[in-house]
Every structure is written in structure tokens, then in C-alpha cells.
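Right after this note come the structures.
Shared chain: subunit A. Partners: subunit B in the first complex, subunit C in the second.
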Partner chain A sequence: MGWIDRISPQTLRILALLAVLALTVLFFASQIENYFNARLFNRVSSSVAIMALIACAQTLVILTRNIDLSIGSVVGFTAFATGSLVTNNPEINPLLLAAYAMVVGAGFGVVNGLLVAYARVPSIIVTLATMAIFRSLLVEYSDAKSITSDALPKWLVDFPNVPLFTIAGVELRAAFVTSLIIVLAVHIALSRLRPARKLFAVGSNPEAAEMAGINQKAVIFAAFVAAGALAGLGGFMFLARFGNITVVAGLGFELKSVAAAVVGGVAINGGSGSVIGALIGAILVDMIDTSLVRWELVSEFWREAVLGLLILTAVAVDAILMRRLIALRVRREKARKEAAK
Partner chain B sequence: MNALKAGLVKLQSWEGFLLVVLIFIILMNASLTDNFLSVGNQMNLFMLSIEKIIVALVMTFVIINAEIDLSVGSMMGLSACAFGWMFQQGVDPVLAIGICLLIGLVGGFINGWFVARVGLPSLVVTLATLIGYRGLARVLVEDRGIGDFPQWFNDLGQKGLIGPVPFGLIAFVILFIGLYVVLQRSGFGRKTYVIGTNREVADFAGIDTGRVKIVIFVMSGLVSAFAGLLFAARVGAVRGDVANGFELDIITMVLLGGVSIFGGTGTLVGTLLAILIVLNLRNGMALLNITGHIQTGVVGLLLIASVLVPRIKLPTVKAKEVT
Partner chain C sequence: MNYFKTLGLTAALLMGTSGMAFAQAKTIAGGSEVDMVLLPKFLGILVFDQANEGAQEAHAELANPGDLLFQGPTPENSVAGQIEIVTTAATNGVGAVMISNNAGDQITPAAEAAQAAGAKVVTWDSPIPSGAGEDIFVAQVDFGSIGVVMADMALSITGGSGQFAVLSATPDAANQNAWIEAMKAALAADAKYAGLELVDVVYGDDQAEVSYNRALALVDSYPDLKLIMAPTTVGIQAAAKAMQDEGLCDTVKTSGLGLPSEMVSYTLNGCAPEFALWDFRDLGYLTYYTAYGLATGQLTGEIGETFTAGRMGDFTVEADPGREGAKRILMGPFTVYNAENVEAAAK
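Up next, the complex of A and B:
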């Protein structure tokens, strides 16, 4: 058996993504003077710190054949709620504050999860509605005020920028490392822990999962709650990075998170994908975003157009290659059986 | 008594339920404010969202076909911005309108081709073109605003064409009648439903499902481009963020109208009633000084309720019919 029969499609996807990422960096390095340096890493890493968590949250939900469009509103609300808590109690313990953000986020996840899993309303309808509802709760809660960074404690404002350690100018900043650890933890859970594997089972074949004794409703509910908690933490990161929070915080994150997950090879019909893929997807999207601004040949207004093209190409190439790969394997399998006869 | 019973059964249909909700909202609004039922206010209520409700009609086709088109808002923006840019470059406005409609056609074809021929999920394809088409719009106008269109163009969006009835409203009515005939009375409409119910069965029945899907996406792109032009005319200026986020409002209207997100069921009459409900509800709230985000939240609540309420109600009715 050659390597082609052994390598899993998931691994192949991640390798392909890394190759695309490397090509992107090489391309821009040839175009932009002084491109490939530590500052690039630092810049990309601090914005990925937020998006990685949100893409990871979205991935959990997409794995179960659902979608969460309310994620942007959850990020906005938790950023505001956390900000107002810390403004009023500046002495609060940092861990307690992060936990508060997660609990608020998980609360929204409970609402989504109940409606999707137990009331059996399609997730796209539920989260389309809760996207608007959570946002209007934020408008009510904020009372037309906004959070300002000068009211926040110093440790919180420093959190995204403080380097934990520095290697040759490459700073591993606290917020980025935290996000990375969380994504890795979720990845290990998804690939090693039995309860987390149920997400894949439900996503790839709900009927079979049900017959295998998996409580489908509980799994979907848990996915939404976990996604809410992760989005809540994303809101905490958002607050730390931007400091100034208004009612439009996190607007549009729902689609960005889906884009990052899809570029990262998470199948929109559920059952396949990994949070590592989503993380690389988030990095790739952000890398292109940041680099196009600095590319003198085209105006920065090309950013979105290129991004749309990238997503479409990534998904189309992925679909075609996967089909080819499966067909190739089937052929080789047949050939082997013939030879055995 | 029997007639009453028959009438009640008819009201159990989704459209009947929507009609009751609509009458309730109109009565509420009329009792809360004086000039609610005036021709001016009713016309205004339509015109403020005319672009969205026009696209909602064709979105009904897309969703009945078991697909989704998230790129409509961006296509509206692209068409409006392309018009603005061409006008600025000195292109004849009539020619520019034609080119914008062509852009809509091509944009819709790209969506449909990737969905039908490459076999990608429409959610992903149109998410990518949502970002991409919006990007092209921004490339064209960058961060400027373009205005000073010819008077006749602005008049089309702002003034009455036949008496007080503006062009947009006439276009909406004509489009509704045309699409109603196509969806509810033609073979193409039947195919749309069959494919939405079960694509494999439709394939085996000899329907070219891919072609139907492409035609529907082309329709969606074309109508969105038209709506974008209407927006440019009504507002009299374009910017890169024209119609940003409209897709969600449009989809909400269609789903509220009883079109199943899984395809195969729903009618254009349902969509029309949902449009009227959303418009009247928003107008009523605006008259009570309730702001935009909260309005959208209330529409969101209505959307969830619209899926939950029939579940609670229908089983008891069926039980009664059996006994």
C-alpha cells in the first residue's frame, strides 16, 4: 500500500492548507519589501487570537450539521457585558472575569441549543433570529452608552500585547498563546475523547448515531453551549484588544467565522473537519487581509474581492480533489482485488 | 356552522395564520396612530423597503428549490456601485443600466454554476460571493460616495410614475404577478418544487435539475441587480456599503412566509403576507419610536415563533378531524 492509501483526508487537507499558507507568504514576500519579518507574525497573531476562538466555536456547531449565525452578536454582547463588569469592579480577578464572559456566552448558547435541539427549529432560522435578538438585547443593556478603554484596568489592555517570551523579535503574546492553547485543547478533545467524538457521529449520519445509542439532542445542545462559551471568551479577547466597545461590536463575525472554518476544510454539511483546520483557515484569511493592505500593486479595496475568490477556490479545489482521491482509491482497491485473484 | 368550520380549517393553513397576524398588526397600528392608514404612510411603508421586498420574491424560488443565496445584498451593492462608477466615467446611463443588469446575470450564473455543476453547497458558494461581490463594489467606488445622477433616473426612484404610485411599487406588483404565474402555474414552477423536495427523484424523473438551479440563481442575480439600481435611484447616491446585510432581512421575510428552509414547500402568497407583516410591524414600531436594532429583534422573535407556533397547534386539529 502506497502513501496515498494510508494518509487520511483530514491530514491531507491540513498539509494542503499549510502549503497554500506557505505559498501565500512566499508570494507576498516576493512582492513586498521587508515583508517576512517578526512584525508580520506579531500583527497577524494578535488578530488571529480573537478569530481562532470564534472559528473554533463555529466548527463545533458545523460538525453537528448546524450553523451558528448569532456568534457575532454573542461576541458583541459578552464584550460589552464583561467591559461593564470590569469598569464597575476594577479589582476583579482576571480569571473570574474570563469565566464571566464564558458563562454569559454559554447562556446564549443554551438559548440556541434548546431551540435547535429540543424544539427542533432549523439552526439557520434560530440563529438568524437570535442574531437579531441578542443584538437588540445588547442595545437595551448598553442603554446607548459605550465602554471606553481608559476605564479598563491596565492588565486587561496589556493582555493582547504582553509577550510571554520572545525569539528573535517574534513575540508570543499572552492572548495569542491563550487562544492557541484553547484550540489545541479542543482539538485533542475532539480527536481523543469519546463524548466529543459524538459530534462527528451526529454530523456524519444522524440516524445511525441515534441507533448507536447516541443522544442526538444532547450532543447538538452541548455543541451550541460550548460554541457560546468559546464565543464568550472571544468577546473577552475582543474587549481586551479594542477596549472601545459599542453596540456594533462583533458585527459580521458570524460570516467571517464560517469563512475561516470552510477555508480550513470543515465540511458545511457536518461530520468532517478539524479545529486545527479552522485555525489555519483563520490565519490564512487574516494573512491575506493584512498583506493586501501593504501590497502596493493593488489598492487595499481589493481585499474582500480576493478573499471571496479565495474561499470559492479553496472549497471548489477541495471538493474536486477529494472526489478524485476517493475515485483513485476505489480504483486501486479494485486493482488489488483483481491481482489477488 | 359547517361553513364556519370549513373557514376555520382554511385559516389553519399557514397563509391563513399569517393573514390573522397581519390584520391584528394593522388594527393595532391603526388604533395607536392617526395617520397609519393614510395612502401616504402606506406608500411610504412600501417604498422604504422596496428593494428588499422585490428580492424576497425571487428568494422564495431559491429557498423552495432547497438552496440559499446569501449574495443578494452584495449583488445589489455591486450593481448600484457599478452604475455609479460608470456614470462617473461618462458612460450613457441607459447603457450603464443594461451593463448592471448583465453583471447581475453573470453573478447569478457564477453562483448557479458552482452549485449545480461543481456540486458545492449554496451556503458556501454564496457566502464566498457575498464577500467577493461586495469586494468588487468597494474596488469600484473605494471610500467615495457617488451621486448627482440624471434627474430622470432619480425620479424613477423618488417620484410617482402613475399618479402617486412610484416605479418601484409598479415593478414589485408586475414581478409578483409574473413570478406567481411561473411558480404556481407553470411547469418550471412544478420542477422548482420537485427539486426542492427531493433532488434525486427529480433527476430520475428526467428533469435537468442543474439547469433549473442555474436559471433560478440567474434570476436571483438579475433581480438583485435591478433592486440595486432602484436603491441608487431612490437614495440618489451610492456608497460601497449599499444594501449591506440586506440578505438576512430578505431571508427572514421568506422563512416567515412559511417557506421551508429544507425546500419543497411554501408559496409566493405566503411571502407576500410575511412582507406585509414585517413592513407594518416595523412601521408601527417606528411610529412608537422604537429603534432599528430592537425592531429587528422583534422580527427575529416573530421568526422563531412562526416555526414554533404551528407545531403546538396542528396536532390537536388533526386529532379532532380523526374523531
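Up next, the complex of A and C:
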């Protein structure tokens, strides 16, 4: 048996994604001057630190055959609420502040989870409604004020940009490292812990999961709450990085997070995918987005369309690669059986 | 075109210096009942709330027994929401709708329907680009003079020459686009700006995160960039923060239109040495007086008509030099903030 028969489909998928990522970098490097350098890494990694957490949260929900469109509003609200708390209590313990952000986010997750899992309303409808409701709550809560970075404690504003390691100008900054650790922790939980594995069971075959004695409702509810908590943490990171929070904070993150997850190979019908994939998906989407701004051929009005097109291409290339590899495997399997006869 | 611009500036100066210059100014009498709607681009932004405070002040002063509603869409629904609110207001039979237009010319059918239903449509802050469906525009400052002020700030910050770029709001924001065009015209009109090179215009969608990333992309694309000019309160703040975070404030400065309370720290630490803005409370106040005068029939809105807007003094209806066939009332002036006056203004 060759290597191609031994690697798991998940790993194959991630390898295919990394190939697409490399192709994208090569493409833009050929188009844009001074493109491929340490700065590119610093820019993309700082920006992805936030989206990685949100894409990871979205993945948890998508794995259970649901979707969370309210996630951008949750990020915006928690960023504002956390900023408001720390503005009024500058002496607050950093861990306590992060915990507060997660609790606020999880609170919104509870609302979504109850409506989807127990009231049995389709998640796309529930979260479409809560996206607007949570955003309106933020408008009401903010009272047209904004959080400004000079009212925040120095540790919070400085935290995202602290370089932990620097090699030849490439900086591994605190925010990015924190996000990486969290995504890895979620990945390990999803692949090793029995309760977390239930997300896959519910997503790939709800009836079978029910037969196997899995409480489907509880699993879906838990997925939304966990996603809310992660989105809350995303809101905390958002506050730390941007400092200036208005009611539009996190607008559009719902679609970006879905894009990152789907590009990262998370099946939109649930049951399969990984948060590592979603992380690479987030990196790919962010890099295409940042690079398009610098690509002179594309005007502002066409950027969104080109971004959409590139995402579709990335997904298509990934899907074709996967299909080819699986077909190849099936052929080899058959050939082996023939030979064994 | 230039002649009109000069005329506008002169008119603004006249108003600033001698409020009593226009003898036959109409006094707006209060007490009549008119329901009115003040419609911002979207809810939750400080400057729009300040405009509402000004309008409420005028509402109380004129003792209007009707309602003044401050209604706006939520941020994710700005364009569709504005159209919906104008349509609903027309159906409810309000006397006047005051819009800071964020929907470009798409608002026109709804605005025309409101006019047909008997409402006066007064725009403020951001007009309807074609002027169709609008009775009058209350301009915060002369759009041409914003261009000159931005060009002058660029000149003084860069020390006379160098590359700079614009970080705007959305690509279809009528006011920002007009200001950028005015700045380009100002740059071309005078030889003293010859050393300045405008290398790019990018859009941050008035979102902190998008603006922040766009500002960094500008720095990466143009290694010799000296200044980012952001004619939006969200963009200027995000750009200043991005330059500060990356330790670039010494080489790349930020300027544009900003709120003193939000910009004070960046002005004092040198990241944004100079920026400008006008008073949004006054803008709301003047808009209310104009709309109330039109809705009660005390004003006709004809060119040359002069009236007294309470504490702010006299104003005259004039042709809008930037939009053919449209009319405006010019408020002005605006203030340029720097390290000397920003702290006082921020309080």
C-alpha cells in the first residue's frame, strides 16, 4: 500500500488546502511588488487571530448540520460589553475580563441553542432573526457611544501585538499564538473526547445518533453555547486589537466565518470537517481579501465579486482534488481485491 | 463652477461675520403641529446622536406639538432600512423627513413618493446625488471648501511634498465621494500642491476592522507613503490606531475628519497632528428649522429666500454648486483641530 492509501481523508484535505494556499501566495507574489515578505505574515496572522476563533465557533455549529448567522452580532456585542466593563473598571483581572466576554457570548449561544434544539426552529431562521436582534440590542445598549482605545488599559491594547518570537522579521504575536492554542485545544477535544465526538454523530446521521442513545437536542444546544463562548472570546480579541468599538463591530463576520469553514473543508451538511481546516480556510480567505486590496487590476467595486469567485475556485479545486484522490483509492482497492482472488 | 464656489465661500463668510446683513430674513414662527422624522445613516453613531440633540433642541424651542421621531436603520440594513423608513413616514403622513442619505440615488423613488404624499424632504450631512426627490440640502460646510481644507492639511503635515492616500467610507457614500473629488480639484487648481501626490483611494466601509486593515495595506503598497487622509470619523481613528500599533506614526501620519473626543490621544502623541470637523448639534438644529419652515409653509425654499434659524442666525437658500438643479443651505464653518485646541474640544 502506498502513502495515498494510508493517509486519512481529513489529512488529505488539509494537504490539498495547504497546496491551494501556496498557489494563492505564488499567484499574488507574481502580481504585486514587495508582496512575499515577513510583513505579509505579520499582517495576515494578526488579522486571522480573530477570525480563526470565529471560524472555529462556526465549525462547531456547522458540524451539527446547523448554521450560526448571529455570530457577527455576538462578536460586536461582546466586544462592546467587554470594552464597557474594562473602561469602568480599569483594574479588572485580565482573565476575569476574558471570562466575562465568554460568558456574555455563551449567553447569546443559549438563546440560539434553546430556539434551535428545543423549539425546533431551523437554525438559519433563528440566527437570521437573532443576528438582527442582537445587533439592535447593541445599538440600544451602546446608546450611540463608542468605546475608544485611550479609555482601555495599556495591557489590553498592547497584548495582541506583543511579539513572542521573532525570526528574520517574522513575528509570532501573542494574539495569534493564543488563537492557535485555542484552535488546537478544540481540535484535540473534537478528535479525542467522547462528548465532543457526538457533534459528528449528530451531524452525519441524526437518526442513527438518536438510536445510539445520543441526546441530539443536548448536543446541538451545547454546540451553540460553545460557539457563543468562542465568539465571545473573539469579541475580546477584537476589542484588544481594534480598541475603537462602534455598533458596526463584527458586521459581516457571519458570512466570513461560514466562508472560512466551508473553504476549510467543513461539510455544510454537517458531520465532517475539522477546526484546523477552518483555521487554514480563515487564513486563505483573509489573505485573498488583503491581497486583493493591493492588486491594482481589481477595482474596489469588483473586489467583493472577485473574492467570491476566488473562494468558489478554492472550494472547487479542493473538491475536485478530493474526488480524484478518493476515486484513485477506490480503483486501487478494487485492483488489490482482484489481485487477491 | 469656480465662480459659484467662491460665491458660496463668500456667502459663508458673510453669514459668519454679520448675521444681520440680510435685512428681510423671515422669522420662523413656532406652535404649528407637524410630525417630523429625523433619519440618520444608521443608529448607534455618536455624530448622528448629536444631530438629534440639536434637532430636539429646535423642536422644543419652536414648541411643535407634533412628534419629532429619531428613526434609523440598524447598521447591517442601512440602505434598505432607509428606504423603508422614508416609505413608512410617507404613509403615516408626516410633514417632513430629514435624511442623511446613505442609499445614493436608490432613495429617490421613496423620497418622491413622500413628496407626493405631502411631506417635505430635507437632506442633511449627505444629499441625494441627483437631487431628485429632495426639496433642499442642509450642507454642513461647502463641499468645495472641505476639499481645500483637506489639501491644506496634507500640505502642512507632509511639509509640502510627498505621497498620500485616501481612506474613505463606502464606495457609494455621496458626501465622501464629493469631498474627495473636491480635494482632487483643489490639488489640481493651485501650484502650491504640486509636490503632493495622491496615490490611491481605498474604502474601509466605516467599519473599524476593515478600515484598520486597509490602512495597513496602504502602508505595504506604498513604502514612501507619508500620510493617510480619512474623511470619515471611523476611518481616521482606525488608521491612527493601526499606525500606532505598528509603530509607524513617525513616518506615516493620519489626518481627515474626526471627532475631538475620539482623536485626542492620537493628536497629542503626534499620530494625527491635524484634523477637522464641524458641529453636528448645529447641523441638526439648522436642519430642523429648515424642515419646519418648509413643512408649515412659512418657507417656500426658493433660491434667495432668507430666514432666521433661532440661535444660529440667518441663512439663505442657494443653488448647490456641486449638484446641478439642486438647492442647499450652507451651515459652516468648520474647525481645524491640533495639539493646541483638541483637549478643550474633547471635553
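Please note the rule applied: the second predicted complex is superposed on the first by the 301 of 341 C-alpha atoms of A that agree within 3 Å, B and C clash if a C-alpha of one lies under 4 Å from a C-alpha of the other, contacts with A are read in each partner's own complex, and residues count from 1 in each chain.
The working rule: a contact is a pair of C-beta atoms (placed from the backbone, for glycine too) under 8 Å apart; a residue touches a chain by one contact, two chains touch by 3 or more.
Computed from a prediction, not measured in an experiment: that's the story for all the values here.
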**Message:** Taking subunit A as the common reference, can subunit B and subunit C both be placed on it without clashing, or not? Answer clash or fit.
**Reply:** clash
**Message:** Quick check for you: in the superposed arrangement, does A:V315 touch first (subunit B), second (subunit C), both or neither?
**Reply:** first
**Request:** Look at A:F301 in the shared chain and tell me whether it touches subunit B only, subunit C only, both, or neither; answer first, second, both or neither.
**Result:** both
**Request:** Determine, under the contact definition given at the top, whether A:L96 touches first (subunit B), second (subunit C), both, or neither.
**Result:** neither
**Prompt:** Does subunit B (first) or subunit C (second) touch A:S47, or do both, or does neither?
**Reply:** second
**Message:** If we overlay the two complexes on their shared chain A, which of subunit B and subunit C does A:V121 touch? Say first, second, both or neither.
**Reply:** first
**Message:** Output check: A:M131 vs subunit B and subunit C. Expected answer is one of first, second, both, neither. What do you get?
**Reply:** both
**Request:** Based on the superposed arrangement, let me know which partner A:V330 touches: subunit B (first), subunit C (second), both, or neither?
**Result:** neither
**Message:** Under the stated touch criterion, which partner chain does A:F238 make contact with: subunit B (first), subunit C (second), both, or neither?
**Reply:** second
**Message:** Under the stated touch criterion, which partner chain does A:V139 make contact with: subunit B (first), subunit C (second), both, or neither?
**Reply:** both
**Request:** Could you name the one stretch of subunit B listed in 2-10, 56-64, 218-226 or 236-244 that collides with subunit C in the superposition?
**Result:** 236-244
**Common interface residues of subunit A - those touching subunit B in one complex and subunit C in the other** = 131-132, 135-136, 138-139, 247, 301
**Prompt:** Taking the complex as given, what residues does subunit A use to touch subunit C?
**Reply:** 32, 34, 39-40, 43, 47, 50, 131-132, 135-136, 138-139, 142, 144-146, 148-150, 160-161, 238, 241-252, 289-290, 293-294, 300-301
**Fill in**
subunit B residues touching subunit A in their complex are 68, 70, 114, 118-121, 123-125, 127-136, 138-139, 142-143, 240, 248, 251-252, 255, 261-262, 291, 293-294, 296-301, 303-304, 307-308, 311
**Prompt:** Mind pulling up the subunit C residues that touch subunit A in the complex?
**Reply:** 42-46, 48-49, 74-77, 171, 201-203, 206-209, 212-214, 216-217, 220-221, 223, 234, 237-238, 241, 245-246, 261-262, 264-265
**Fill in**
Within the complex, subunit B is touched by subunit A residues 67, 69, 115, 119-122, 124-126, 128-133, 135-140, 247, 255, 258-259, 262, 268-269, 299, 301-309, 311-312, 315-316, 319-320
